[in-house]
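Down below is the structure, laid out as structure tokens.
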């Protein structure tokens, strides 16, 4: 399996700039993270944008779809902010023969208690075993894109139907 | 999916005892780890033994098989030392209708640069998408038990055939 | 030595709220941090405010001084944002017989690569050995309050005269 | 202040070798640690030995003393295993005009919950403020070498007299 990774920004990539007492979306973390974790995967990474997912536009989503369609690889992993993840997943449906999994993090990868490693692991594990389609891997679960919602109160992803 | 977890010891659970200037297998980490990471999974944990996998006997492997067969759940995750993981996996073949994934860590979960979160994520993601059988999830890959070996020189798991 | 700790907010206490895609000053970390690190110190903690130090007013600084003066302990540790730390230190001069050390962090304590543990260690180590006065412990150095400046470009504290 | 650092091994430098299911004393961590933490200190590092402190001999302690005496710097920081730290400190007494602080860690620097950053911070903070002599900085306290003992039951350092 050769894997193509498209990064779009979101909490997973957030870093803290003391100079501005502010956080910002930084460099995509996933490439270094996979290498540091000893992942024996063949993968390429492209950065499509660096945005909070609340700020993603229809044009951004069209671009992500274009990139996912254009790449040679059948297996595509997308790192993404959590708030707009379901909407982007919906915009990716219908790409014949592609297995697409979106993931991200509720706490930045730079944090001691981040869910980034776990979520990326879950996405990578699922990608190797799924049929073509669009999925979200969050909170240790693999959801079909038509059966998932972010529960903002509880700050986690849930199935529409159990 | 309801998940049953069987812990057996191994590097993933190793802690450091200053009093003895020594590492030892400690309490199983996976339950707390899944809770801390916000995994929205229904799971039970049982500790079968606490051993380095080099010390596992045929009797130990028979016990692990017995536990995997006896539990109600179809989905079984086993945390295990890496050296004897393939041998234990072989001893688990033939349990009809069970999906069994073994995982562990090359660096203890207590370390800053541990692969524990990532490997457990990978195992959990794969478990939800695999047909019945026995598998190993390590180094970001999901291997069928008949197509995997630990390369001790390189300190990673590899497919027998690519 | 009995130690009194006054917390005021700043980067050291910043946490990330995914619900708001934003960092905010959270609960003071120093008490738990000292306990988790096995510090064999007798200390009390009071939270004077929770602010970015750029937002501190003269009234805030008067309050911090009042608290430092009112407490029974001679040794006072103040956790503080880095931008206004020197100004607060200046406002604390002249409290007879008090040893006051201000510290904080350039990366939040919640981060994997935080300087919080190190800076607090440095402050605590210095406090036990210094004569009465006001000091800043940052970047591994202990500065007299009249000989320190934050170099915002380099994002570190420096002596006015070497 | 120019600082000379002598490393001798001990828990602080312990790493885990999966190939051997064993820990060993690895490369000295303190240089990288100080650089990563943004310490604005001028320092040199020399590795005198890499041993568990229970294995240190009189010859080893004579060598450490020789190095501490020979270096140009007045300020000397020694990283050391915790069990033999007091004995080494005793062997370092009487070096006129030197300020020597020994420190180490109860949990390896590679661990998520290590006291290494904190202890080194405490040692560095104290070094800048102490008169000539030999001291131990552990558990957030700075002890004169003639007034300290390791309580092995409680796994912490304590004053002989409070």
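Just so it is clear, A, B, C and D label the chains in written order, and each chain counts residues from 1 on its own.
In this text, a residue touches a chain if its C-beta (ideal position, glycine included) is under 8 Å from a C-beta of that chain, and two chains touch if they have at least 3 such contacts.
Keep in mind the model is a prediction, meaning the values are calculated, not measured.
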{"item": "Smallest number of contact steps required from subunit A to reach subunit D", "value": "2"}
{"item": "Longest centre-to-centre distance from subunit D, chain (CA-based)", "value": "A"}
{"item": "Higher-contact pair (C-beta pairs counted), A-C versus C-D", "value": "C-D"}
{"item": "For subunit B paired with subunit C, centre-to-centre distance based on mean C-alpha positions, whole Å", "value": "44"}
{"item": "Length of the line joining the C-alpha centres of subunit C and subunit D, rounded to whole Å", "value": "26"}
{"item": "CA centroid of subunit A to CA centroid of subunit C, Å", "value": "38"}
{"item": "Residue numbers of subunit C (touch at least two other chains)", "value": "106, 112-113, 155"}
{"item": "Chain pairs that touch, as defined at the top of this document", "value": "A-B, A-C, B-D, C-D"}
{"item": "Parts of subunit C lying in touch with subunit D, wherever the complex brings them together", "value": "34, 36-41, 106, 113, 115, 117-130, 137, 139-142, 155-158"}
{"item": "Complex interface listing, subunit A residues touching subunit C", "value": "11, 14, 16, 18-19, 21-23, 52, 54, 81-83, 106-108, 110-114, 152, 155"}
